[in-house]
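Labels run A, B, C and D following the written order; every chain starts at residue 1.
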């Protein structure tokens, strides 16, 4: 079965573009790769494509769109048909609508989020190159994640959006949170790669962003990221801990517009044949924050 | 494009079965899951399937076979056809030939190694279960890897075996080692998951095993594994270091029959659209051992 | 100038002795080394002396006494004189009042805490022995700290207790917390070894214990300790973070009687010639919890 | 008993001063704090005093002198007497003989090494300051150790030099290497702080330097240092491993003049009452390199 390749880009709405650019370059440590109209484009040092993050000036923070990269143009057409068959409307977005991008297939998720699939995008290469490369770069700045990792979104009907990703996009569900009786779905963790999740949903208002996550290597790097955030006086939501769900090590914090970011490390390898792991609502605290073992109000409430 | 799911099992020939069972349970920390005839079956604590390692009594150490798991029985038939189209002979191995296994497709690689594809195998589940699981188990033993990770094999014609995995099995090549003029292929690193490699070949005699690797979480766990090996007086080949190729952290050591094992952590995420990274022979030292920057004789010569 | 050797033992009052013994052996991972009357004695695997922790049954939790070990019997007499000269009454406690202990000098701190100095105590040796030792033990349990590390106590008059430790016991002050105008002392961190602190005081009620800390090796071990505490359902006060003060990595949690424990790693090397680092009250959040950057109510209020 | 405060400075002879300055600033990451005649002075970012390393142009690499800082001028006189009583000649070196230094007491060790004691030296403070300091600096370069840590020297008569440090300078011996019959002393590890060693000797030619070590925080930082050394193509002697002796994590490498450096982390806390740990010659491999378990020729032979 064909697999969508990865979460390729996230477009975030930001209130103050220059302040946001400074934050994503100096604190997160991304590289600015271009500007077009009210948008600035970024890639992480270890990504090959032209950009994985777009910041767009807006009067309201949040997720403008996220997009998944597919392996071939044939795959693009294949998933387009499957999305239509599922009952979602798709639109072709012409190439160069955004900088360095080819044609994309646009659709709106059952949870109201704007989503795209694409295959073509400009190639820049990683900062270490592809000939006898060093394992990392000497002159990196800030957290310097390897790549964009995943998004957590909120929505009302998690069963339908889960079914959408499984049926239309061939994703699998690694973990889920249910009421104790198992009847209601409160959280859904989905993967298309071998990561523990590439996208997740928790129960909440439609069309909202909970967080966009960047991948770092290890607990040590999560902790170093936390130190950096204090040096730069970035507001934290959650200080270093482990997730029960995915097992990853994590911190949460806010960009200048209030969009929640995560620096995430670890997590198990997922494979299509793994059973879905179930967390019951009575253990949700442990599932989300394995040490604290209870949810915090800010983590539940702050959405963009 | 369909992807082979993962390296699912490795069967190693061992000289003294009981001594080997003790080593793989006490030092590596695998769980014995069954015995049949001259073979003992093992899984790692974090694997779901009945076994990922089989030890078989023999008068000669080495790789008896390795097998890749595919997602469906349709995939099994699909790859069977592609292998035949490539020009390799396939044979169906009937279910229950080995313990807990379904039908498999057997073939011999261009490098002379026995290889299989399979879909069906008994399910045991991980040691932490799938309901509100803890991230790791309290009572683990030894190195306690998460899973079998990859094999490195030797062979004469690396171009053909690379082409085999790419054309017949839809693998990709993450990295390669070539002569400085780029003409000869000295090493080939192949992936079907999102790991930096799932299988690799270096130039050498056909049908030989260089090492079988187990996955641990972090540099810290590689180092802890190294400490454990000294406590158990296991012979080392390579003490803790980083690979330039894959960027992983690693140690190499030998099982009681002389089969080389590796405890491996890290390595980048691979995707089908990454360019193949090239290492030229003059930098091979750095590519293999990023710190030492030269190959050792034992690493080159000891094969089973 | 003579230096007191180290914090050698802490006696905690506990409500349920057997439950406490189970916690300190299974979760903390100390070794029980003896029992006498209503007390149970423990050492960490990497300590040489007979005990560093005594649990004593009581109807009220808290610190029964803490004791510092001096190098010689001459030092014992020397400090006894200096304590008397400072104006504190000392009493000789005869040997064998507690298990395996020699004579001790008892006195009450200006903050009301019971404190002792001693030189003689039974010798057991570490679990790895002193002949060609391995760096750690294979069969450890729980958090398995190297040693008791420090205590944090509360008291009203921090200037006097600081002066006591500096003048009578030759301690130094590594760090202090003051009001912004520098007039009032809100926290005082004292050392006699080369650790960032061996004992500390924060403003609060006299004669109370804030926490007793155990030393682990690294951030990784603090995090592993946090995982263990969740597995054993031990209540947390503070999940993994860094202290601004001392720079150490830390978690806080409660024993079954409500005595706060800490697992602490890192911290800088202190030397007698370092200037005292000053934290002003407006930065106290960052000083205590470098990431969260604000104090929590439980951390301030829960004392035994 | 008074304790010498610490190893305060090391003066290394170097062949090419500017190449050496570049190495110690860019690769090791020290700060240049002054120049006088043919010498350049450096401190680590976390040290308070004016310098801890002096590079002096010479036609022969090696240790020009090492110096220990004492707490007071009284201590200086006290140790001067004890050194004389031991039978070593002392000389007063007048202040400002070297940059920012006060008066020093010079003597030659029984092993022929030049050694000094001093109390006075200029104060610069750490790079993070002493008011509400951050735990580390954002703009550090290279390995960025916290401080100079220890030296390993060679000499013929280790019993006498050990007795010298114990009797004249109040050091203690944490570990020793002896022949299997216990008669000959092949290695001697000495401490005056609470580190596992501040100075060590192994059997070899008199007056030679085996290595000067810099302290980093953790295994992670040792490994990162190793990566950096490969990026800068610095020659390695020993890639990341653990010492059995001291338990520390370590790498060895060479400065441009061939002086061996070490980046060292960890090691246990020592106290004056610990028994001396004994390594017998048959286990010396494990004692020095806990994983490899055998000495290398380069580690034995390369001295300056």
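One rule holds in what follows: a residue touches a chain if its C-beta (ideal position, glycine included) is under 8 Å from a C-beta of that chain, and two chains touch if they have at least 3 such contacts.
These figures come from a predicted structure and were not determined experimentally.
Among all chains, whose Cα centre is located farthest from the one for chain C?
Between chain C and every other chain, the largest centroid distance is to B.
Could you say what rotation angle superposes chain A on its sequence twin chain D, using C-alpha positions and rounding to the nearest 5°?
The two chains, chain A and chain D, differ by a rotation of 180 degrees.
Between B-D, A-D or B-C, which shows the same interface as A-C, counting it as a repeat when over half of the contact pairs match?
Interface equivalent to A-C, from the options B-D, A-D or B-C: B-D.
Roughly how far is chain A from chain D, going centre to centre by Cα mean, in whole Å?
Distance between chain centres: 48 Å.
Let me have the rounded angstrom distance from the C-alpha centre of chain B over to the C-alpha centre of chain D, please.
Spacing between the chain centres: roughly 43 Å.
Please work out the Cα centroid separation of chain A and chain B, and write it as a whole number of Å.
Each chain's C-alpha centroid was found; their separation is 31 Å.
At least two partner chains per residue is the criterion; list those residues in chain A.
As it turns out, chain A has residues touching two or more other chains at 134-135, 218-220, 227, 230, 242, 286, 290.
Across the complex, what residues on chain D touch chain B?
So the residues of chain D in touch with chain B come to 219-220, 223, 226-227, 229-230, 236, 239-242, 249, 251, 286, 289-293.
Which stretch or stretches of chain B touch chain A in the complex?
Against chain A, chain B makes touches at 1-3, 5-6, 46, 48-49, 69, 71-72, 75, 125, 130-136, 146-147, 193-195, 215, 217-219, 242, 244, 247, 266, 268-269, 271-280, 283, 286-287, 290.
With touch defined as at the start, can you tell me which chain C residues reach chain B in the complex?
For chain C paired with chain B, touching residues are 134-136, 138, 218, 220, 227-228, 230-231.
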